[in-house]
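Everything below concerns the one structure shown next.
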């Protein structure tokens, strides 16, 4: 980790690049955070949902009489049948389908909300749920995306395929014909999910006087939620206010508008002046918040005898669950898988068919790293397989094929344009940090002398971050997520309040935005307060996803700060009768270049701007505020490499991580601790997905891993010490930054599967890698030898 | 049922349904929302508080069971003047939190660990803190923070430094 | 995840507790540490009409040496089992139970009564040949641990009975091994080795509905066979079922390995008996 020395609050200029004390921390370590579940409002009522116990069934009756007689308000699918969530995309093959607010007609996954009850507290709400009788006529459930459906999930898609797209470049046939070796694998990755420690939560309040809906929500995307709620509820957008206060982790799961959210708002509209609250519990979360990463890759790759990658052909099926996730669509995982499968490797000949297949399981949605933990696993697996067949090392075959600095800009076969090329440097640094040669020597020693087998695995990846309007075009949704806005206001006392469109679920955006504005404006970090997550105060921001906020929200903050600085200087120049070009702001003081002492403070300028208009220089309006947007138009690729050495216990199949290394190019690092924290946290999630976490459905569509006793998230005892290194190659945006929120999740599947393969000579085709699967692989090997 | 419970040194009388958990009583009835609920089935550790000095999952205890007990929550850690407890300070200084949702339970568990083992190794910290799940940090910052707090607290407990 | 309503009775004595239980006609449930019961209540997988809180009953906790065994009060917390030194095997096994905040609440009696096949204390109780003391409206009785457990989460306790304590023979030599997916998780398999009155007892938990003696492994050892062979014999004896964490074959294999490790820790079957 970065050194923790420089954590004191920075009083002067130049807070960027330093691990300043996070703005968020004091309230969070003292128990004074403001999470949605903490909200208590007068007359508040609590909502609980009756959920389907069946994976697929016709609803033949909903009897609410007992609950109504007991004095509870009850809402059923019929009450809200006029509102449906319909994720839209203009992609030619996309089949649009509807997601009801509360299921009616039939249920499509176990856990789907069927009715909602309102009670005085959550205990009574759950009592009320037990009084609602729902009759079901079971239908055969389809849980596997590559099994033929018995009864389609949606009538509009008889084959359950909601989207299919082919990526094609060059000639795979010619490439394979010329190849010295063509490796072919069937790889299956495990369904798992973000599982933030705070589950979903919402409070909705309808103000009948103003005809205004206020929705407190633990969302990553408050402006998108406002936009969608206004449309769904047919309200003027200005009459919807969405507030995301402190949010206890998101990881993509909370970047979705859920039917429960809409139900809550519809219930509130029917109960004017009564705030209605829903706090999801963990069982609901595991069953009904979005899942991810349930994929199959049928992949072939051809290589020349020197290891050069000649062609890749793949057929990718992604289980998108029961509904096309709103608003991102069923395309979110398959399109990412096909677009980035070739990763950081040069490739001319590519044919990849991707499809999103509906099943009777919880909807799949965005989860940190979207599809690439699986696609990187697929790509790295064929590289390792080819290396073994060609007698090359895993390092050599990667170096042979990586996109190099001289190839930049490199147009990938999916036509995405890579602006990085620093992959080789990341890999070299990772090997150095790992002590690659020493581990190889130890491996050889153990092979000769006995001892637990050791293996070394690698992954190299490109993370597409900060997508501007051109790069966010992929799914062809009705909106382009390329820009964010930020307002920087210098108050009459000279202190600064920032109203940013970014949101934070732990990433420390209040801190980062404050750093950017402090430096951009020329005031101290402690002088800047940042308000985020409220659509009534910030102009616009798409929110937290795609590792976009440091680049885009940060860019908007920087531009706004610079615009305000320009006005401060213009005003100061008039007051001082100096030339603007000769003035500098540092630490809130304005100096004339070359003079030792400041002439004026920002606070004095602010006072004039607001309170002493008589002193305003000619042509300058009162006030000190600017609002700017930023859109990088394209994206910034962030290079990364991970490597690990693992040891296998032959008796139990346990895999122990001896050393784990990650080197990423985050561009300019604005806050070393936060950046390293993002990388460490995402690696831990990746390790969780690779070794522990698995959402398993039985063939009837029941979730077998419905509590945290069965869904295993790694603890401090499972996650090893992590070595994190940086390559700081500034990107072409105002701050020079690249996103870092997701890259860590991309490596662990490939690294750990590769390391296991290296240790034992087995092929890992199915994830997660559990002690039982390792043991089975070893036993299969014994049987085969 | 009538329950008398001391929370962070303050005595409270509650008339409470037996089924209400200690966690819900703290959060909803006493407004001490620093204690968080992450799973309500005893796995995640977010709701960990001290009951008569011993760590307990507040989701696995009914408030009526705490009758006559002394409970410490995250709100009770800082000094009256707002000075952060060394464990809180270390979590801030070493980036031992991101979203902050698991943090209250982490702080309580760390406090208990350091009271029972003032000088734990990193391996011991990893083992003993494993009853609290964090989804953000990858635990590096948390282990760093507990290690640093252990050092600060040992320094503070040496006789010459005692106020 | 909130419990259904129940009536709460704080029992002041064992007699009061069992009387209340009797009066509920099977609708009552004892609340001890609550670490297994409360999640089940929160999930509404059980909805007793009455919870009898036994936590305040005096003189039901503590560990006391009594000749060749220790007497463990039913309310003794797992943390106290870890801390005591009279029964080192018990201390070691208790260290594997959950996490600190679980061990401070969970009780010995509760763990035995819950009878989770993967839990540590039932395996130790069977492994050491414990005698479990039970109180009911008709008075007290004692049950050998080997007879108490009748199935997964099932004991021979009557609905109006409660465990008051157990006598746990102290082994001359012992070993304990456990395999779990994560630190503090319920075990896939536990193995307990205890030498009681000159007899090597090998017990496996988690591989059957109740902890089971590995009689073939014991026979191998009695014949002077090595630990590895005893482990294999234990594995062959078991008929576990497969689950999310592994197949039946896998569970059998790690059971054999855990037996081997427990024997190694006990210094049994090393060829130097």
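As written, the chain order gives the labels A, B and C, with residue 1 at the start of each chain.
By our rule, a contact is a pair of C-beta atoms (placed from the backbone, for glycine too) under 8 Å apart; a residue touches a chain by one contact, two chains touch by 3 or more.
Here the structure is a predicted model, which means the values were calculated and not measured.
For chain A, the chain with the farthest CA centroid is C.
By number of C-beta pairs in contact, the leading pair of chains is A-B.
Taking each chain's centre as the mean of its C-alpha atoms, chain A lies 29 Å from chain B. A straight line joining the Cα centres of chain A and chain C is 43 Å long. Across the assembly, chain A contributes residues 123, 281-282, 707, 709, 715, 717-718 that each touch 2 or more other chains.
Among the residues of chain B, those touching two or more other chains are numbered 17, 19, 40-41, 127, 130-132. Shared contact sites, meaning residues of chain C that touch two or more other chains, fall at 1-5, 39, 43, 182-184.
Against chain C, in their complex, chain B makes its touches with residues 1, 17-19, 21, 24, 40-42, 45, 48, 54-57, 59-62, 64-65, 67, 109, 112-113, 127-128, 130-132. Against chain A, the residues of chain B that register as touching in their complex are 17, 19-20, 27-28, 31-41, 43-44, 46, 73-75, 77-78, 84, 88, 91-95, 97-104, 107, 122, 125-127, 129-144, 148. In the complex of the two chains, the chain A residues touching chain B come out as 1, 4, 7, 19, 21-22, 24-33, 35, 37-38, 40, 121, 123, 194-199, 246-249, 251, 281-282, 505-508, 673-674, 676-677, 679-685, 707-709, 713, 715-719, 721-722, 744.
On chain C, the positions that touch chain B within their shared complex are 1-8, 10, 31, 34-35, 38-39, 41-43, 51, 53, 55, 79, 98-102, 104-105, 182-184. By the touch criterion stated above, chain C contacts chain A in their complex at residues 1-5, 39, 43-44, 179, 181-186, 244-247, 249-250, 253-254, 257, 260.
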